[in-house]
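Some structures to go through are shown next.
Two complexes, one shared chain (subunit A), two partners (subunit B, subunit C).
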Partner chain A sequence: MSAPPARVVTAELVKLRGLPAVVGVVLGTPVVAATLAAAHAAAAAAGASAGGLALATVPYLQVATVLVGVLAAGTEHAGRQIATTLTVTPARWRHLAAQSLAVAATSALTACAGLAAALTAAAAWGPGDGVPGARSGVRPLLGALVALVLVGLLAHAVTVLTRSLVGALVATLTLLLVVSPLVAAVTEHARWLPDRAGSLLYLPGRDPVLGPVGGGLVLVAWVAAAVLAAGCASARRDV
Partner chain B sequence: MSGVRTLTAEIGKLAALPAAWVAVAVATLGSLGVTVLNAAGVRDAVAAGDSAALGYTSAVEAAFSAVPLGTVGAVVLGVVAMSSEYTPNGTEAGGGRQITTTLTTTPSPWRVLVAKALAVAALVLLVAAVTVPACLAVAHQLVGDVPDVGAPHDAVARTVGTAVYWVLTALLALAVTVVTRSGLVPLVVLVVNSSMVSFSLLVGRLTPLARFLPDAAGISLFARDWEPPGGVALAPLAGGLVMAAWAVGALAAAGLVLTRRDA
Partner chain C sequence: MLSITGLAKRHGPHQVLHDVTFHALPGRVTAFLGPNGAGKSSTLRILLGLDRATAGTALVDGRPYRALRDPLRTVGSMLDGPGAHRSRTARNHLSWVARAAGVPQRRVDEVLAQVGLAGAGRTRVGRFSLGMGQRLGLATALLGEPRALVLDEPVNGLDPEGIRWIRGLLRGHADAGGTVLLSSHLMGEVAGVADDVVLLAGGRVVAAGLLTDVTAGHASLEDAFFALTTTTEATR
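For the complex of A and B:
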């Protein structure tokens, strides 16, 4: 006997809502994003568009969706909650799929709020055209949203795999924020790294080999591989 | 307990943390990996004759470009040394926190803090003493004999500077974690700040005063020819002293918080 999928997803959403750290991330992200966009706007040269300034905050917004993904899985293993979870939903893949959906929804909410706040702040304080998205269009912003959600899912899968909150958090943030820029300074093959490929979704034309679609697919492939590894691992171990 | 025994206890506790060894691995193996990539890039660029694309052709630069990974390791060490004290055990094991045991055996919070700071500093210093010379040696091996272009590179001073930067970063992380008691916030903020999208660099685009922020002040310890956005970097010695003042101030504040709190 198992619960219908909708109820499993709802349960995961309720658990996320019950984590003070996740609520803090969702509520804090717009504030931080607006501050960062205002700082970028104050430092920007004349003619910078509000959309471009908002997209400059995406590397920081990655931290928010990574936190959502890591906290969702990491807190299960911090205590004995995972035992309760797997008693209620014994099918590992079903649980992983439901939690991934909940993480995707929460990441999307966080990213939307962050991008909207950044766009508003950039339009208010920026030197540019004053009309949000007028020059850059809406597509890069949607691309940024997709990239941010996928990064959150990647962080979630890594955490399910490692079962360690601190370990997964440090590993993911180091890969995204430290290793990727260092590698990109040295070799063009850095375009295959998840965040570099994902950035083509909102900064198209930056890479001669991968287009926006190609970059998005590379990031999807990273996420699929990580989720597959996480699912196989959790299906084979006790908790 | 005597001071030496408190220090021994802190070293034992630090060495028993899996996260501490992950941090050491990130700092050592991560730095070596990035150095290998950098040095191979320099070698290929020189062989292809387009070294202008990289901006430098020296093995020393290739090695010191890897410093941020060691900074991440130092942050993790400083944070987990303290956050592990406050992590509750599982409920089936009583849900206790290590800090109560620590303060029972060593009732002076100042002594605990100093011992912890010394233990963290010693481990980070050890990591730096192994990692930076190893990175330099690997880079020299890979790059070989090429005419150096780029910044002057006093390798010895920068090696010492890197070690000092890592130690001070770890101490700042430790002090912040004493105040927050949870590792999550300091970990996120400080790892972001060790990266290319550092908050300090962003603030530096708004006000030249940002070069006095702890991490930005210390960058000249290991980087040469580095210009913060919208300002002139502090000299290595001045920057190191500013960063050290931040670290001492933060530890003093942490000690005061620790003495005024139950645990």
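For the complex of A and C:
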């Protein structure tokens, strides 16, 4: 994959900023995350840590980074913007790399804002240690950030592959919110699903087979496979 | 110069283009004419590197579009209207295109003014009329000050004043030494501005050359087109 020039990455960031739906996700995520964390805090047992309460919002924060990834690629195909995009940057892999980097940066911003808001709300309303991250440490929070960014990239690659905003959104959210919990209830092999594996980055010790590094690598493998499939498809097919 | 040579395109069992060959030369307006479904858009999409040809070549100054270093500075193009997502503003759309193409941001205001959208930069594309969408598409094509313009159905949705304006713009571009290739199914609308014409029917070139040569012996370009396509069908 050729490295995209900085100007193509900047263009993709300008493109994302120009979508009101993406701006809405970035600004709305902290509000939703704080509300969820406050609700968890109100229901939590005494001694629950603010970090733990904030991490409980991660499954919901996934929806935000999925939206960022899906909107970035899905809006290319609503109104034929993709023709403009690929006449400006004809190298398919270069464009995919640039858009992926922009999605990663925007997902990271969204996840940071969401986690920070959740942590603040949990510390303010929770029964726990009062000092955010004092007991749980910073590492699980960083792990959650990485997992959320990777989930955003996975959703983006799936959308590039399917070229359908609604189709990719439904497929990704069904996997994360319906299939994953159902499979986990039936078999321990659910650990190999992207979000289950990724959750080991912020909930270490939950799985007897995979550690945080192993879980992270499984999620990275999912993302790499999806990006590879998306890149090969867009390099071969007509626009 | 834009050179299309022996171009063929197949979509499954359907042969869309058969051995399409023609050139668009600098300093001239070349009109690429034919009914809807004749294969005009398919040809232009291959020329712009969006679709792949089954056979043949489409070159810009001797190189495939995908091999151009800064394509937007060489070829400005418009396909399917504005080519922008409906929820963005016109200014945001031009701004990202300028960044990706390495074009200075001041060009955004310049092209908005040039196409008559100076007051509509903050309007979302979804609120544009068909004609305004066409003007935004043209603004995108002009952004990189390219030598060649490739426009698919640029007069669609324009009112008579808009058609007159675009004719002047294209004439000016060609007179300044630029290459202009525009497609249209409205023969009368572009006959007034074209130097050369390429007539396409059923994925085949039925006539190509100077407008005056192609229309010789016929009352209008449209009459020439129907006479030529009838002959082609009869001889096939």
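FYI, the second predicted complex is superposed on the first by the 235 of 239 C-alpha atoms of A that agree within 3 Å, B and C clash if a C-alpha of one lies under 4 Å from a C-alpha of the other, contacts with A are read in each partner's own complex, and residues count from 1 in each chain.
Simple rule for what comes next: contacts are C-beta pairs under 8 Å (C-beta built on N, C-alpha and C of every residue); 3 or more make two chains touch, one makes a residue touch a chain.
Everything numeric in this text was worked out from a predicted model, so none of it was measured.
Of the two partner chains, subunit C is the only one touched by A:239; subunit B is not. When the shared chain is aligned, subunit C comes close enough to touch A:20, but subunit B does not. After overlaying the two complexes on the shared chain, residue contacts for A:88 are found with subunit C alone; subunit B is out of touch.
Looking at the shared chain after the overlay, A:7 reaches subunit C, while subunit B stays out of its contact range. In the superposed model, A:177 lies in contact with subunit B only, and not with subunit C. In the superposition on chain A, contact of A:67 is made with subunit B only, not with subunit C.
By the touch criterion stated above, A:39 is placed in contact with subunit B alone, subunit C being left untouched. Shared-chain residue A:28: touches no atom of subunit B or subunit C. Touch criterion met: A:75 reaches subunit C, while subunit B stays clear of it.
In the superposition on chain A, the residues of subunit A touched by subunit B in one structure and by subunit C in the other are 21, 79-80. On subunit B, the positions that touch subunit A within their shared complex are 19, 22-23, 26, 30, 34, 37-38, 40-41, 54, 65-66, 68-69, 72, 76, 80, 83, 90-92, 183-184, 187-188, 191-192, 194-197, 202-203, 205-206, 229-230. Here subunit A touches subunit C in the complex through residues 7-8, 10-12, 14-15, 17-21, 75-76, 78-81, 83-91, 238-239, going by the rule given at the top.
Chain contact summary for the complex, subunit C toward subunit A: residues 45, 48-52, 65-66, 68, 71-72, 75, 77, 79-89, 92-93, 95-97, 99-102, 125, 140.
Those residues of subunit A lying in contact with subunit B across their complex are 21, 36, 39-40, 42-43, 59-60, 63, 67, 79-80, 164-167, 169-170, 173-174, 177-179, 181-183, 185-187.
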